[in-house]
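Two complexes are shown next, each including subunit A; its partner changes from subunit B in the first to subunit C in the second.
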Partner chain A sequence: MNEPMDFLIWTRGTAFDIAVTIFVIGVILRLFEILALGRKQNLAEPKGSEFGPGMKTILTRSIPDLGTFRRQPLTVVAGYMFHIGLLVSLIMFVPHIELFRATFGFSWPGLPTPIVDAAAVLAIVGLLAALWHRIMNPVMRKITTWEDWLVWTLTFLPILTGYLAYHRMVNPYPVILGLHILSVEALMIAFPFTKLMHTFTVFLSRWYNGAMSGRRGVES
Partner chain B sequence: MAENSTLGDSLRRHGVSRRGFLKFCTATASLMALPPSMVPAIAAALERARRPSVIWLSFQECTGCTESLTRSHSPSVESLIFDHISLDYHHTLQAAAGEAAEAAREAAMHENKGNYILVVDGSIPLGNPGYSTIAGISNLQMLEETAKDAAAIVAVGTCAAFGGLPQANPNPTGAVSVSDIIKDKPIINVSGCPPIPTVITGVLAHFLTFGAIPELDQYNRPKVFYGQSIHDRCYRRPFYDKGLFAETFDDEGAKAGWCLYKLGCKGPMTYNACATTKWNQGTSWPVESGHGCLGCSEPRFWDAGGFYNALSVPISDNSQTVAFAAAAGLVLGAAAAGLNYKTKDEAQKAHGTVTIDDLEKKS
Partner chain C sequence: MSEATLERGINALKEQIDAPVAAFFSSCVSCGMCAEACLFYTETGDPKYTPIYKLEPLRRVWESEYTLVGKIKKVLGLNKPVTDELLQEWQELLYDSCTLCARCSMICPVGNDIVYMVRKAREGMVASGNSPEGVQGAATRAVTIGSPMGVKLSALEAQIRHIEADSGLKIPMDVEGADYLALLSSMEIMNFPEYLEGLAKIFKQAGVSWTLCSTAFEATNSGIQIGSSDIARTLVQRIVDGAERLKVKNVISPECGHAYTAIRWEGPNLIGRRLPFRVIHILELLDELRAAGRIKTKDLETDCYTFHDPCSIARKGGIIEEPRRLMNMVTTNFVDMKEHGKMAWCCGGGGGVSSNEDADSLRIKAFKRKRDQIAETGADVLVTACANCRLVIEEGLEEYRIELPVVGLSELIADHLVVDEEPPETPE
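What follows is the complex of A and B.
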């Protein structure tokens, strides 16, 4: 009789502690790996500066590129839909903000639930479109590895279960809320060891691309 | 009181007017989500109903459930109905004690074999039978004995329904619920700490009217009362949806009646009738009086994190977990970086330069 609640309490307690510990240690070690282990010394003579071109590339790579859009509109549109939808539902939903406040001690105002709900739908549609593209496009299919399927699934489940929990579409409620939390824990555990790390390294790697091109004296 | 008088006789004897009785029937119909056209049928059934024998057993409990039922308000039709079911045994309310009381219980069980309703409040300790006994009989033995010939069992309160407060971590008495022990009888869980009195009488009225137990949810709770969450029926819900929250118990938001989620309201995970039936004859209910819902009608609500923490906040101290993990990550990372720095430095020192001339000389 009490199992659904036992499950919810476990996901909000022990399981959360384990996931957060792996996530935090993992991310910090990965950042150390990238920043402190460094690259082999480049003995070639630099042909240009690094810093300026690096910064420029952060900017240029963050604006959608018209050429890519013409060739692969779906990649660009689905990518933006998903990322914006995910970000809004992650950091603008009041229960999530309360979790951040309990952890870091500060908070910010949330958005009304109908807007967050729309954002979640946007993210779900975006992810499904991206999946469809990955399956239907022959080039995409060739370059897809098992890690891509894993990461897609781990990202999709929290949004789906969150949507189901918010709308109470699964009974009893502790089961679906527990599944939502558990899916986030799975995501947190896989995070440091997969391409999900790009959340933390995206601007760093854009800068590095630009800087390396700058050093060689070429456009990036 | 004549053994075979009907409920209608009994109510009339106590001066309940036809109008008052029908008002109760109408309220019962709406409470049980039945159409108004059912009111005459309910009235007729209740009018004719024989007083069913009820045996009420109290185990590890605080008497809050009995208090909720008997002391909540001045006599009403509900409490009269309760008075006029034949409460043959209730060791808190009955005058007899000890062996005389046990004799009454045994007589009622015998006379109404297979027909009596067993009401239980309180959990049953399995750790040691001596933790809770009545007239030297352990709770487990008394429950098994009395349940054997019952028509149905009503587990009143979260303790009887789910184990309740006595079962709170670390559960020193090994407390369990009625349904953990009795597997072969229909059990209606009327959870709540305590349950709303109208819900208790509503369930009994349903049984009297239809002679059957109401439709139940996954936790064996009557769907009519536990079918919807507090959150979905809460009058503060528009504020939740708009993003307007009380941040403390006396800020402007609290005064304006905004949502209590941030102050720990567990309404979103709780299924109960408080938001619609209300308490104290419809006067108010906890959220209306300015305090968040504790989730008292759900299993293990007492172990589900702080009452004043939002539902989304982890049960253990998350900032501490993050701080410890971050410290561990930094130490490990710094150690790895230090080692790497040493290796690189040695490589640097061992580095020799070669010119084109050197290379040509060798070949």
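What follows is the complex of A and C.
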């Protein structure tokens, strides 16, 4: 019996199904939990509309205010490095796209692996910088909870193991690939119940912010 | 009001949580950027003033009442409960070190409207008996006497007599069917009567039909500041009743910033119906009169003038271009501060902070931000449009021994107004 191979097959089979199920049901449940709370009807005469400004803020909040950026550039730079690096590695790496195709039946062209490789490095450096910042910066130390450390670790492991697996830096290969998949599954299972949910709720938050400001005639 | 207890406080917090609040707490990744937008953090360097940290009591209630994980934690006894000690400790964070200026809401990368939540969290503080005494006193006076500073109608009438005697202008009171009902803030009545005189002069020239109301002259709303919807509603209702009694079509919010928030944005929601009149801020009205050619100015200043945006009027009220157009009516040398309009820095005294003695020394520290911003412009005169900002800035400048005149924009327009011998007929 080939144990590393069995482990890999398990991570790609049973474990994957469990993780995806928890992820999908959990995310839907959490979004429902939020939206079901609703909003009271606002009776104040509006000065501007809500929908458009809300949509606009979803985009514009990605650009930091210059004055605030100057005060805390590392948060912004590390944030950009990590998010861009992660997104490119996640959706532009050919084997990942193959997985999407096999699961959902559609695909898109990937990027050459050296570019994806650079993106992964970017994400790793970004995450390490963010970690260092969280340890050193007094404001972040004040507001950091155990959940922030957990979420950092759960995000870091898939990128690290993916990088190690791609470069064949750990033997045997099925073990590191299996660990990569397992770490993604851990991430997916924790996702709905932690602040990883911001991936989805950021659209709600920014929209509400932009809409509530827009109603008062202010671009936020 | 019924007796304040922890249970009532927690219930009040529960009631305040809606979909935006849940989305905001779900989105926070503890990045700490909001601290960089807050003058209480930037001027002290103390991380406890990080805006999102000020919301810990509300966050705990949200987590344990409205999330699956939180409910499980609560059953297992793993949740962090909201206690009287916690709320006592947070009084400083939710009141002394927050002016409800909303600058943090503008920069949060995930889009959290933090001030929206601070306003809500204060409802829980009031219901649990954890609001500061100074602000409580102001709120009680507003309900019982009619003004947070204890200004009675007789005091207003005395000021009116003075103004009428000095200027020869008429200040109309209780005129039924007037187009506009003008509201005032206590500070304007007592400290800056030139505002009321300015209005009388401008409205006479522009042919605006207006009146004051003897049962509703106070525009400020301590209920909004302390976080008591009950008190806020009583005060808004007083204005609505007065306006309906006089059958006016428009109500003018005075320069005072939070008064505008109170009547314009919170008012209808507090009384549960749309207002039977239009609310217009004095700067909006002056800008309308300017655009219609009904007011003109002369003898423009050549000294350098700058403008301080009151948070409630600019960032929270969308009145940003109007004051700039009006500034250009009184000076040829108008200079904006680097961060202005929706990104302006607060004077440090809004949201009830200036009536809260506990916050006095912190407010003076926080004022350094505005002091430096003003100095950077090299302006000879500072103009603003809020009596509270004006007093707070005057005090701050005095504290740092800086000589700089601080003027209200409306009275400045009145000072430069072109006055015809015979005022024109109302062109309506």
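The definition used in the following text is that the second predicted complex is superposed on the first by the 194 of 220 C-alpha atoms of A that agree within 3 Å, B and C clash if a C-alpha of one lies under 4 Å from a C-alpha of the other, contacts with A are read in each partner's own complex, and residues count from 1 in each chain.
The criterion applied here is as follows: contacts are C-beta pairs under 8 Å (C-beta built on N, C-alpha and C of every residue); 3 or more make two chains touch, one makes a residue touch a chain.
Quick caveat, the model's predicted, so the values are computed rather than measured.
A.B. asks: If we overlay the two complexes on their shared chain A, which of subunit B and subunit C does A:Pro172 touch? Say first, second, both or neither.
C.D. replies: first
A.B. asks: Would you check which partner chain A:Leu29 touches, where first means subunit B only, second means subunit C only, and both and neither mean what they say?
C.D. replies: both
A.B. asks: Should A:Leu128 be classified as contacting the first partner (subunit B), the second (subunit C), both, or neither?
C.D. replies: After superposition on chain A, A:Leu128 lies in contact with neither partner.
A.B. asks: State whether A:Gly38 touches subunit B only (first), subunit C only (second), both chains, or neither.
C.D. replies: In the superposed model, A:Gly38 contacts both subunit B and subunit C.
A.B. asks: Output check: A:Leu74 vs subunit B and subunit C. Expected answer is one of first, second, both, neither. What do you get?
C.D. replies: neither
A.B. asks: Just checking: does A:Leu157 make contact with subunit B only, subunit C only, both, or neither of them? Give me first, second, both or neither.
C.D. replies: Neither subunit B nor subunit C is touched by A:Leu157.
A.B. asks: When the two structures are overlaid on chain A, which partner does A:Asn2 contact: first (subunit B), second (subunit C), both, or neither?
C.D. replies: first
A.B. asks: By the touch definition above, which subunit A residues appear in both interfaces, subunit B in one complex and subunit C in the other?
C.D. replies: Dual-contact residues (subunit A): 29, 33, 36-38.
A.B. asks: Give the list of subunit A residues in touch with subunit C in this complex.
C.D. replies: Contact set of subunit A toward subunit C: 29-30, 33-40, 42-45, 47-48, 57-58, 61-62, 64-65, 67-68, 71-72, 75-76, 79, 134, 137-145, 148, 151, 193, 195, 197-198, 201-202, 204-210, 212-213, 216-220.
A.B. asks: Of all residues in subunit B, which touch subunit A in the complex?
C.D. replies: Within the complex, subunit B contacts subunit A at residues 161-163, 177, 179-180, 217-220, 229, 232, 240-243, 245, 261-262, 268-269, 271, 298-301, 303-305, 309-316, 318-319, 321-322, 324-326, 328-330, 332-334, 336-337, 340-341, 344, 348.
A.B. asks: Would you pull the subunit C residues touching subunit A in the complex into a rising list?
C.D. replies: That would be residues 17-24, 26-33, 35-37, 41-42, 45, 47-48, 50, 52-53, 66-69, 105-113, 116, 264-269, 272-275, 278-279, 314-320, 338-339, 342-343 of subunit C.
A.B. asks: Which residues of subunit A touch subunit B in their complex?
C.D. replies: Result: residues 1-2, 4-6, 8-9, 12-14, 16-17, 20-21, 23-29, 31-33, 36-38, 41, 94-96, 98-99, 102-105, 109-114, 168, 171-174, 177 of subunit A touch subunit B.
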